[in-house]
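Below: a set of structures, written as structure tokens.
Look for chain A in each of the two complexes below; its partner is chain B in the first and chain C in the second.
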Partner chain A sequence: MKWLPVAFLVALAVYPLVFTQPFPQHVVIMALLFAALGTAWNILGGLAGQVSFGHALYFGVGAYTTAWFYKAFGLSALVTWPVALAISTLAAVAVGLPTFRLRGHYFVLASVFIMQAVYIVVSNWGALGAAIGLELPVHRPTGALDALWHLQFHLSKLPFYYGALALFVATLAAFEWIRRSRLGLLFVALREEEDAARSLGVDTMRHKLLALIVSAAFTTLCGMFYAQYVLYVEPVSTTSLTISVEIAFIAIFGGVGLLWGPTLGAFVIIPLTELLRAYLSGHIGLGLSGTRGSGIMATLNYLAAGGGGQVDILLYGLLIVLIARFQPRGVLGFFRKLD
Partner chain B sequence: MPALLEVRGLTRRFGGVFANHDVSFDVAEGSIVGLIGPNGAGKTTVFNLITGFLAPDLGEVRFEGRDITGKRPDVLSRRGIARTFQILRPFPRLTVEENVMVGPIARGESMSAARSRAHRCLELVGIAHKAGDLARGLSTGQRKRLEMARAMATEPRLLLLDEITGGVDQPSIPALIALVGKLRDEGATLLVIEHNMRVIMELAEKVVFLHLGKKVAEGPPQEIARHPKVVELYLGSQHA
Partner chain C sequence: MIYAQVLVDGLIVGLMFALVAMGLSLIYGVMNIVNFAHGEFMMLAMYLCYFLWVGLGLDPIASAPIAAAVMFGFGVILYRLLARYLLGASMIAQMFATFGLLLFFQALANFLWKADARTIGDNWSTGLLNLGGLYFNGPEMVAAAGALVTALALFWFLNRTETGLCLQATAEDPQVASLMGINTDRMYALAWGLSAATIGVAGALASTYLAITPLVGANWALPAFVAVAIGGFGSITGAFWGGIIIGLVQTAGGFFTSPSYKLLFVYLLFLVVVLVRPHGLMGKR
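Then we have the complex of A and B:
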């Protein structure tokens, strides 16, 4: 099985050269983005054992920082990323200091409440475009260098595809490097038995904060990528509880704490939702006609057409029931009898 | 010179109940002190107050002559106080070796230094052959040894052992008693909670007897064993 990850990465590298149409490329770009998000979440949730349903906060920090600086000053994400990471770190400390005193379910609940509060603030913050959000001005590149500075590529998805791939591989490498390091051992110790870890000299607050800061940093980079890819940032698709749950669910579905867990989760769930959405809204030709009649297909059609991603939630509900019933350790749990 | 550990007037309430009420005693450097008493006497609360898992309402804990009351467990660990837990708390999905490496690594040792220290500690407690196994596969007796190895790897000056023989079958007890002696020979001063009076008689140089949160008696084990309250509680009042 050692060759499987290598084969997977090679397949990813050549995929867009084989599938040259925009839609198949878009599906894998989104899968790579969410694989990176799930893997970043896994640093905190999987290694350090702190299950957060608030990671869209850091995704939003990346997305909004990128959009705001580009819109206001024309500054490229190539120079604003340190600002985004600084804000992300401050936010992580502000969230972590009070909530890491809570344990288990209480921490999870606190992360939900903070996420909702942030969503409400962003939805009403005039400078960030409130509920309407921010559009990044479209720029027509005059050449390759100009396109790179503005990070705007309109003729091909390839730059975004390989950008997403790089982001994904970097996050995966960071996760594995931490897991094997001295820091990773202390993270896992505090996940497994917090009091025992404390009795052995592990400053658990400091290590939870460290795990969150690193996890948030990669999540922020994903948010920056997203803003640049979509050129439009608004609260529902960035700083919402739905996105937070999606990030956590992808990791939980695939296998918490396992290197390839979130990747598996993302590559199952994201194509499913993207295809389902396209199928139900008739964009790939097989859709049912209109919203005639009643019954389940009409309802699904309605959700797909009007809800803007409501189908995802239906699908998540179904998958949560299935995974909780058959393999609470996540899909990778099927392949690992002991761990 | 002051004793290694000085406990002064420790009082801790949970709601209206005194878990500890004005408890004082000393633990001299290099000694083995036993802490005994029936269930609910407040023994584990004393451990939690000394190791920083709880803060006392009143009273003071002094270690090496300095006030350590209310300091965090991880800070006290680095100062040289280690403990084991009554309800054993191995890191189940780490290997036995990794379990023992956590302490040294938290103190800043390198992976290889931590690994060799872990190996020495596992040999000391006699489970070096289990180093590569996941901790959750160990028996109760092996888990107790693992907790001792894990604590010893932090190079404690004071080691608090909660229930050495609890949940262990009779034939294994002599080896565990011998092991506690070995830990002392390694340089640790020991404060030990133990239910089994015979074990305490054999191990401890001094015994502190708690009942309903208060210290009832303190002294050499033979003397404590004859104390009327101890006889009543351990053997039934008809023997008193």
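Then we have the complex of A and C:
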């Protein structure tokens, strides 16, 4: 099975050269982005065992920092990333110091409420465009260097594709490096037996904070990538509870704490929802749209035209419930049992 | 006078929050499960009352018992199909299951009834009452009174009937309760049924004055979690008082800053409370 990760990475590298259409490339870019987000979440949630439903906060820090500096001063994300990481670290410490004293439900709920509080502030903050959000001005690059400075590529998705791939591989490498280091062992000790770890002299607060800061930093970088890719940042798709839960769910779907768990989750869930959304909104036909005959596809077509939409979220919610009900240890946990 | 008005408004909203929080606390106290979909139960009850009013001309207040009965059955079915399998599962699995339900019911409502806001319009309680310079909005006052009556009925049931005491015994220690001959599985089902029934009543009461949308429940259930945490997880009495406090904080916060910030203070209050008194005002541990 050792060749499988290598084969997967090679396939990812070759994929956009084979599938040259924008939509198939977009789906994998989003899958890579969410795989990176899930892996970053996994550093805190999987290794250190601190389940956060508030990671969209750091995603939002990255997205809004990028958008605001570019819009206000024309500064590229290439130079504003240290600012974003500084804000993200400050936010992580501000969130972690009080909440890491809590355990179980209290910690998770605290992350939920901090997320909600941030959402309320951001969606009322005039400088950040309030509920409408910020649009990054579209720039027509004069050359390759100019395009790189503005990080705007309109002719091809390839720069974004390989950017997302690099972000994904970097996050994956960071996760594996931490997991194998002494730090990773301390994180696992925190997760498994916090009191025992503490009694052996492990500074639990310091290590939880460290796990959060690293996890938040990669999440912030993902947010920066997202803003640059979509060129539009608003609260619902960046700093909301739904995004937070999606990040956590993607990590948990594959199996918490496992290196490839979030990747599996992202590559199942993101294509599923993206395809369904595109199909239901009529952007792709699957050769069946418009038919009024019988069958599941025709029924779906009919419902999509007549119903109020959101079938993708409907199925997504159902999927979460079913996984939690039948496979609470995640899909990779299931495969592990078979070994 | 304006402060007295804020106080009155806060209490009126607070009584509704109290009812919502008691339902949440019931499931948490008995099964240790955080039900994120609680607000969506309320939303479903509101649509039920709306359609009873449109279809049969039933007054929403009169359909409150119907909503309670239907939602009771709904709660029991959800327990049988889903919640009972979550008992031994990890906290993460439990939270995802109920959050998945939240997304599912919100999307289902969106799909079936679209995102357009529906309102029930005027009924017998419509109007503004002026009592010595304090204004009372008719439907909200009726809702608060109904919430208080329902809360008292729940207290009576839990503390004065044998079944209610069995439920409390199960919450205290399921193993000992089962040794005493209590069918804990039935008690869990009852807790889900009662929780859904109380939120069903809350939905019926709120349907007379709130615009009904697929997202209407979310602004009730999340603050109600704060009420449950303030009161101490699992304490029904604590949840009641927590709800009152939430109502006051939300109204006062909205009054002194801007209505769009009113929930911010509620969420910040959660952090303050769990840090100062991690087990709430009336928590057991």
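The rule we apply is simple: the second predicted complex is superposed on the first by the 310 of 339 C-alpha atoms of A that agree within 3 Å, B and C clash if a C-alpha of one lies under 4 Å from a C-alpha of the other, contacts with A are read in each partner's own complex, and residues count from 1 in each chain.
Definition applied: a residue touches a chain if its C-beta (ideal position, glycine included) is under 8 Å from a C-beta of that chain, and two chains touch if they have at least 3 such contacts.
All figures in this text were calculated on a predicted structure; none of them were measured in a lab.
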item	value
Superposition-derived comparison: chain B or chain C, residues of chain A touched	C
Which of chain B and chain C A:Val236 touches, first, second, both or neither	neither
Which superposed partner A:Val169 touches (first chain B, second chain C, both, neither)	neither
Touched partner set for A:Ile252, first chain B, second chain C, both or neither	second
Partner chain in contact with A:Arg198 - chain B first, chain C second, else both or neither	first
First, second, both or neither for A:Ile320, with chain B first and chain C second	second
Chain A partner contacts - residues on chain B that touch it in the complex	51, 53, 72-74, 77-78, 82-83, 85, 89-94, 98, 101-103, 105-107, 110-111, 114, 134, 150-151, 153-154
Residues of chain A defined as touching chain B within the complex	182, 185-186, 188-189, 192-193, 195-204, 338-339
Residues of chain A that touch chain C when the two form their complex	51, 53, 98-99, 101-102, 104-106, 108-110, 112-114, 116-117, 120-121, 124, 242, 245, 249, 252, 256, 303, 307-311, 313-314, 316-325, 328-329
Residue ranges of chain C in contact with chain A within the complex	34, 82, 85-86, 89-97, 99-108, 110-115, 222, 225-226, 229, 233, 258, 260-261, 263-264, 267-268, 270-271, 274-275, 278
